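Across the two complexes that follow, subunit A remains constant while its partner is subunit B and subsequently subunit C.
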Partner chain A sequence: MTRTEQIAQLAIDASPRAKRKKFSPYILTALIAPLILAVWWFVTETRIVPPILLPTPASVVQSFPRVVFADGFGDQIIRTVTEIVGGFALGATIGFLLGMLLSSSSRLRAAYLPALSALEAIPTVILAPIIIAWVGFGMEGKVMQAALACFYAVFITTLSGLGLAEPNAVNLMRSLGASRWQTMAKLRVPTALPVIFGGLQLGATTAIIGAIVSEFIGSVGGLGYLMIRYRGSFDTAAYWVIIFFFLVIGLVTYLLIWYAEKKIVFWRHTAITRPDLEKP
Partner chain B sequence: MTTTTQTAPLVRATGVTKKFGSGDKEMVALSGLNLEVREGEFLSLLGPSGCGKSTALNIMGGLLSATEGSITFGGKTLTEPSRQIGMMFQQAVMFPWRTTLDNVLLPVEIFGESKKKYRAKAEELLSMVGISEFAGSYPWQLSGGMQQRAALCRVLLHDPKLLLLDEPFGALDEFTRETMNQELLRLQAHTKSTAVLVTHNITEAVFMSDRVAVMSARPGRLIGILEIPFDRPRTPDLQTTSDFVALVAEARKMLELQ
Partner chain C sequence: MTTLAPASTTTAKVKQQRPDRDTKGAGWIALITIAVFLLLWQFIPQTGLINRVLFPTFTDTLAGFVQLVSGGYWWEDLGKTMMAVAIAWPIGVAFGFSMGVILGTSPFIRQAITPYAIAVQALPKVVLAPLLIGWLGFGSESKIALAVIICFFPVWIDTMVGLALPAANEFKLMQSLKATRRQIFLKLQLPSAIPMIMVGVKHSLLLAFTGVLVAEILSASDGGLGKLAKEFASQLNMPLTYSVVGIVVILAVALVSIADVIERRVVFWSEESRARKR
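Then we have the complex of A and B:
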């Protein structure tokens, strides 16, 4: 190593970035799980919380195969996931298009934004019985419920994201004689993407909640339906196994959207560090 | 000097006034600007900060409308941006999701012309400003100076008749700015375009221009126009000649006497 290289290396070693790289953040994740388990184990074994409310970790693990290999479990999980994905796709599309529409006209904003925001203050959960009364216990109602639960997050982030383009960038587009649509597609939407992904991440969570709550309130299938059944037979351990699957669905959704964001909004993840200056 | 061959001006501003706000908050940014930009010339707008240089340039580019007065471009009244006018701003304004080449090709994409047709030209321009090996890189992989070079290529791609440059290198360091100014002069001569440069640097204005329009502090008015008779191409050692120093002093006096 030359002297300059040595100094450069020292600088790299001293930078907090390099230090943080030495241990994975997943160690922190791994540390939190035993902690929660320990508290859970403690409060159930000592019967501070009665088993009918919270089963012991051991009994949940024991119930696992019973629940998973029960007849039709796969169908139920597919059903719920389909409702979530369908509702999310529908709600996010409506939210995005509505965001675009309202961002293009201050008159439309003045006319509808307060009303839309006021509507969002109504918990969508209370609409579940009404939707069921309308369309019945089938999947359509759950899709509608999930869509309703997630559209606003995508709508409001799209609306504010589309307004984030730099005045100079807008002037550049105008000086080139770009149409409104061109400015939207080539400047405003890409600028808004990082913010919209925040809305998608949030919306995915609320879509999951929407679908499950709707199943829980009244359904003929899906994980929520299983939960009602297990609750009916006071099978708390099995109930918690289903909760575990909601956790898995939530985690997978988060990871998928996170990955999509990393790929699609690639410039945001790379703009912070210059790859050409990065150590191999 | 070419004052004897009087051709019709490319741009003519007649009594251009711009007011921002209304009522109590009304503010005159630009007051009765009369200015002609001749075909093929390099004109600088020189004045203190806030005197309405950017406002004047944006009106010439059709981005802003004048409160009073009018602008003609090529003999016709200008009411909206024109493809014949290319604008450059203090920031490079490169879209981070596009490669340098795609950023340079943005204008023709917006005009709905074939990008393929212009690709070779874009690459040629990039190599003329010495960043051809960065064609496939993203703007955030380029230095500030390189980004402005790319922005220069972008504005020149579709051969606009008129270049409106609002302190395009103002954010760069002194050294890079001088190099970029040289680059700009070379390319402007090469494309035979007309240029209007906004600056508050007196030496830069005198060095670059055929004429320097000196403006007063707010509300911006035109104080006078200084003819700069030096031959082209100009080299940096021009700046040490006594004629050059005298013209810089004269411009400074105009600015101070207002």
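Then we have the complex of A and C:
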């Protein structure tokens, strides 16, 4: 650092704008949670929001042990998580392989992409009654529903990510005598990974939604089944305990994928998912 | 900490990413695939390998479609579903956009609420469906409420991420030219955010449709395409169920096309800006 730069830095540090920055925004973050709790407590105690929709914080906390230590609660959680993980693994694998297949040939892309793009539009929940009619109330239907829900996000991000490699880099690989497979494994897939992880993140969210909706519509077990039962007995506090568990499932999934991305795509530290967002 | 990612994906990029080199015969591949698919659909159920009640043939399904369309009663269900989407979508977009502007203009607030935004994103909002139905009843109110709750989210996030898009130097230039906060927002942040916001708006249309369908499938009495599909499925009348699903698919594709047109009208400059960015 030269002398002038040092002086400039001192001037920046002394400016009011820099001082204001010293408050971490996470202080505000920590303040928001009690605020939310206070608002929740207020609107439920004064009955602005009816208790059938939102019970008081105290009653939810009281219901917690009752719900968690009820017979077979662990089995229900394991059941739902298995459905989500199974469906996500299935849908993401199919999406990834199909994305790879279509990216390898512009002819296949021209033939199938228009029809596959229409899949973006289709609300997969409408297929839930059909799937239940096909395979019944068991876990297979939930796995299928979750797979259907998450397939598209992984497919389209894989396809767009694999096309991101610089033409010059592809030419370099070719001029060094790399095979198609080597170009794919060492150039295209690594380039695509940050984008694909964006798709996985989105897909995980939709897979969870698919599994829940399917459990709501017809099931013999799982957290969604418990929710419908508690709702039937107007036990809203217990219902919110299970919503809390779904929040935990969602957050854990998010963090796991985020952590995997950080470890696997260690050369990039952003989680920006879309190629058109990247700054030069 | 983790960064907030935009809540939607887009296909537009894929379609235009590479010049079409070798697409000769693609039409034939598509045609042959459709033909093989239809033949399998027609003949596998006839062989008795799979249950013909659950997997009706193509012609049975076609007959069901004709029966449904000529029956006429589905118009009312179609109207109910579309009406709910038409009410919920604008509310969700307006709500999401306001949240995004209020919480996204200042980097400080944006950073502070990011953990909460991630939590809201992680919570599958359909868990609220049975509660909303229990509270608002089986009518269109519960459908609209669920659709709004589901569809405001991508608009909110994409607005927030979009408003943060301009580079630090662009902000500095505005400030050095003595632009007010309002001018920075209107002339720099908003124009650069709009392409991304429009992606969120399009995504939210689909989510509003999904929300309405979920509420219809779950609630018992008020009509709608979701309820129609569920009823036919529970009667094991698969040709009619398939037909309702077919109608939903056609509607969804039509809605997306309309949203695409709106997007292109609003962000007419976006192709250019994308090209410049590359």
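Keep in mind that, in the parts below, the second predicted complex is superposed on the first by the 239 of 280 C-alpha atoms of A that agree within 3 Å, B and C clash if a C-alpha of one lies under 4 Å from a C-alpha of the other, contacts with A are read in each partner's own complex, and residues count from 1 in each chain.
Going forward, contacts are C-beta pairs under 8 Å (C-beta built on N, C-alpha and C of every residue); 3 or more make two chains touch, one makes a residue touch a chain.
Predicted model, so just to flag it, every value in this text is computed and none were measured.
Enquirer: In the overlay, answer first, second, both or neither for which of subunit B and subunit C A:Pro190 touches.
Expert: The answer is first: A:Pro190 touches subunit B but not subunit C.
Enquirer: Could you look at A:Ala260 and tell me whether it touches subunit B, subunit C, both or neither (first, second, both, neither)?
Expert: A:Ala260: touches no partner chain.
Enquirer: Of the two partner chains, subunit B (first) and subunit C (second), which one does A:Val68 touch, if any: first, second, both, or neither?
Expert: Neither partner.
Enquirer: Applying the document's definition of touch, where does A:Gly177 land relative to subunit B and subunit C: first, second, both, or neither?
Expert: first
Enquirer: Once chain A of both complexes is superposed, is A:Leu37 in touch with subunit B (first), subunit C (second), both, or neither?
Expert: A:Leu37: touches no partner chain.
Enquirer: Which partner reaches more residues of subunit A, subunit B or subunit C?
Expert: C
Enquirer: First (subunit B), second (subunit C), both or neither: which does A:Leu113 touch?
Expert: Touch partner of A:Leu113: subunit C, not subunit B.
Enquirer: Looking at the overlay, what does A:Glu166 touch: subunit B (first), subunit C (second), both, or neither?
Expert: After superposition on chain A, A:Glu166 lies in contact with subunit B alone.
Enquirer: Take the contacts of subunit A with subunit B and those with subunit C, and give the residues found in both.
Expert: 270-271, 274-276
Enquirer: Enumerate the contact residues on subunit B facing subunit A in the complex.
Expert: On the subunit B side, the touching residues are 58, 61-63, 80-83, 85-87, 89-91, 93, 95-97, 106-107, 109-111, 138, 140-141.
Enquirer: Of all residues in subunit C, which touch subunit A in the complex?
Expert: 2-7, 9-11, 13-15, 17-18, 20-27, 29-30, 33, 54-55, 108-109, 111-116, 118-119, 121-124, 126-132, 134-135, 161, 165, 167, 196, 206, 209-210, 213-214, 217-218, 225-226, 229-230, 232-234, 236, 238, 241-242, 244-245, 248-249, 252-253, 255-256, 274, 277-278
Enquirer: Can you list the residues on subunit A that touch subunit B in the complex?
Expert: The contact residues of subunit A facing subunit B are 166, 168-169, 171-178, 182, 186-187, 190, 266-268, 270-271, 274-276.
Enquirer: Can you tell me which positions in subunit A touch subunit C when the two form their complex?
Expert: Of all residues in subunit A, those touching subunit C are 25-29, 32, 50, 52-53, 105-115, 117-118, 120-123, 125-130, 132-134, 153, 156-157, 159-160, 163-164, 198-199, 201-202, 205, 208-209, 212-213, 216-217, 227-228, 231, 234, 236, 239, 242-243, 246-247, 250-251, 253-255, 258, 270-277, 279-280.
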